[in-house]
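What follows is a pair of complexes built around subunit A, which joins subunit B in one and subunit C in the other.
Moving on to the complex of A and B:
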């Protein structure tokens, strides 16, 4: 067990190194944009992994959380000239408040109610963002969101911004690993495994769920804020339910509950539209079929391929040894 | 109250499921330092009673006192935290985790390090984890499961899973353990081990309340017995008294003990 895990960490580190090397070989600004988006997605999926992956509660409100994080940081920094560093912290705090505020009523109930409330929440945020034109600019969006500097380095180019986001993501990845292996992580997994047993052990299941949800919301809001400062323009039309669902798909495709799986999922789902672009009109249906096939044949995500391959290999070598 | 100290008192409990009365006006006392058994045929309301005591199934009427205080208004986890541990009729373990992890979760309600400690003060966090681990290992040793500590629970045999569940409950430092059919599904040798372990647990000053079908287990283990039939208490007393109680024989004991009598009664009823 332990061997597999440390191997996974090595592969994980290698993936980050490869990602860091990409901008050296590719100068195309469009691809750098995708790369930024990919790493931001990764960060959001790390968060979603806590509530949906480990704790097993379907959260369909990521877009709303992401949007609130983006608007908080964008509006505070642009309208009031506050340093984006502070506004990003404010965004994370908003995430915390969403986690507590939305988590409390919805997580008291069992089953699909969380999914439904989060879905509704996300839509409410989008509708408000669309209609509060005087504040959010509606579908015209918020323009001229400032970039910021890390020490002496102005993050004026997309490549520089990419490195910043990558570092943030790596830090949050380590944090995720830490939390997953703490007593909290154990409680999260326990909720997914057996709901009834938890309470009989003196643990408050609501509290555990709210914790997981709050962490997810904080990650999501930070992701939104990073996106806002990267894109320098946000509009309510990008925060649809589609976005929430694509985060769930990333989580599912990569491997639910597994941090390395989250990384793979974010990479694959962010790149897939680009790779399938040549299909033109048939892109959407191909994408959906691929996702469906994955859901049916790889319910534990792409990460489970490794285990399956190993299993096959061991079987083969066992047969050989037998002969 | 001297040596007649009462750990758990159930007063006039009534539980209805849509008009069907599952438990009707049930009262009994679990005394300190005695193993109390609740027996009765299928559907007598035994598990419902345990669920009412732990709080998973709120009662319609009546009161439950634990160490002299009413626990009616407390949620499930608070009751557990007070010291009421339980095992389930059909094992409820965290099946994707190892035996050790399962046990560690058992004691987590009593840990108090904040998560930030886990992120900032690694030393303190590590100390707490070590403490949990050590405790789990001691208990695994106590129940004879130490060798299996790194096994994934779902790979274990049924009897060992049951043992793991008991171990997990012990991790909470309970004052009282409610065992819901501990011997069900165990083979005779496993059953014997289980009975021995329960005695060992009892010697640690933990009171035991058990629901059981297997009369051997009940007669071997319990000091006091309450017999339930169709939700009503029909008898109470020591094992000798119960064995000779006519009503109990009619309703329940007959099965294994006096088959002929049972058949006669059934014939008479028909």
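Moving on to the complex of A and C:
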């Protein structure tokens, strides 16, 4: 078991190295934009993994959290000239508040309440962002969000920004691995696997769930802030329920509860629209059917294919050895 | 002043009945199979498209035969969806069932876009006009909604309490395992629930088509508020969702006197969160 895990970390590191090498070979600005988006998505999915992947509570409001993070950082840094470093911390703090404030009412009971409240929450955020035109600019959006500098390096080009986001993502990836293997991570998984057993051990399920949701919200808000400073323009029309759903799809396609799976999911789902573009009008429906089939027939995601293939291979070699 | 208030209350009751019907429609599936149907708003849209797009504008039928034929069509569609989606999903974990129904909703939207095209339309001459009672003006669409929804609720109660399949549905809602042990065919109960749910969805779609244009996003808000109605009344308890729906409809319409009208949609969600904080089991205090 330990061998598989360490193999997975090697592949994970290799994936990051390959991602880091891509801008050297591709100069097309469009692809660099997609790369940035991909890495930011990865970061959000790491967060979502805690609440939906490990704890097993469906969060359908990632778009609302992401939007609040983006607006907080964008508005504070543009209107008040505060350093984006501080505003990003503010965004993470907003994420913390969302996690506590929304997690408390919806997670104190068992059931589907979290999916419904998060869905409603992201709708509320979208309605406010669209209609508070004097603050958020409505559908016209917030323009001229500043980029920032790391030490002496000004992150003025998309490639430089990509390396910055990649480093942040790698750090958060390591943090995720750390949390997953700590006491917290084991508690999260226990809630998903057997609620009654964990209750009989005297642990407070409510607290564990709220903690998982808070971490998810903090990751999501940071992702939103990074997106705002990358794109330098945000509008309320991009934070729809479809965005929340596509984050859950990334989580499911890659492999639920598995960090390497999250990376794969974010890469595949961000690239899929580019790969399936030739389908034209039929693109969306093909995509949805593919995802539905994956949800039903491959519940553990693409990552489980490796295990299955290995199993098959070992079976074959065992048969050969028997001869 | 008073006329405006009465007008708002009447249209609030009408919208409240719509939310109540939405609440009933997904509660039926939830009780029968434990799957929360996140594609229900798209099923409402499908009903409106089948009625308006195909039978009225496409085939030029009259309204009454058009309604009957569309109800039969969605019932057949309901059998297919039950067999293909809901029955295989009944034993899966919650996150997968939610994801599967969400994706089903997206597939329905794309299918609608491919079949009927992306341009919004409305059904001309359907439930248009107003009636004057005293000095208050009430639109015919609202009256039609109130009457149809009341009939629908009464018929459902009769079905659930007087007929054998209805009693089986109530048994399954109470305990699926016990019902199965008592020899009730749970999968056929699920199929019946999905069919009834689809018929109610189609009715909702037809009833709201005079109020909203027929588009792929027409029922997003109605669907979400239906969920809120369920929680406010008591999740999984049919009379609860009727009560919750009426509450939301009336309160949000009265709130639109004070709040700017763009924020009307928020009222239901704020109520939802307040109820979860103070009284998570809803007004009736029953969940199932």
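The definition used in the following text is that the second predicted complex is superposed on the first by the 323 of 323 C-alpha atoms of A that agree within 3 Å, B and C clash if a C-alpha of one lies under 4 Å from a C-alpha of the other, contacts with A are read in each partner's own complex, and residues count from 1 in each chain.
Everything that follows uses one rule, which is that a contact is a pair of C-beta atoms (placed from the backbone, for glycine too) under 8 Å apart; a residue touches a chain by one contact, two chains touch by 3 or more.
All values derive from a computational prediction rather than experimental measurement.
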Which of subunit B and subunit C A:184 touches, first, second, both or neither: first
Touched partner set for A:200, first subunit B, second subunit C, both or neither: first
Which of subunit B and subunit C A:309 touches, first, second, both or neither: neither
Touching partner for A:175 - first (subunit B), second (subunit C), both, neither: first
Which of subunit B and subunit C A:275 touches, first, second, both or neither: neither
Partner, of subunit C and subunit B, that touches more residues belonging to subunit A: C
Which superposed partner A:153 touches (first subunit B, second subunit C, both, neither): neither
Complex contacts: residues of subunit A adjacent to subunit B: 1, 175, 178-179, 182-184, 186-187, 189-190, 193-194, 196-205, 211
Residues of subunit A touching subunit C in the complex: 52, 56-58, 60, 102, 104-106, 108-109, 111-113, 115-117, 119-121, 123-124, 127-128, 130-131, 241, 245, 248-249, 252, 256, 281-282, 284-285, 288-289, 291-292, 295-296, 299
Subunit B to subunit A touching residues, read off their complex: 54, 56, 75-78, 80-81, 85-86, 88, 92-97, 101, 104-106, 108-111, 115, 118-119, 125, 128-129, 132, 150, 168-169, 172
Complex interface listing, subunit C residues touching subunit A: 36, 38, 88-89, 92-96, 98-100, 102-104, 106-107, 110-111, 113-114, 220, 224, 227-228, 231, 235, 260, 262-263, 265-266, 268-270, 272-273, 276-277, 280
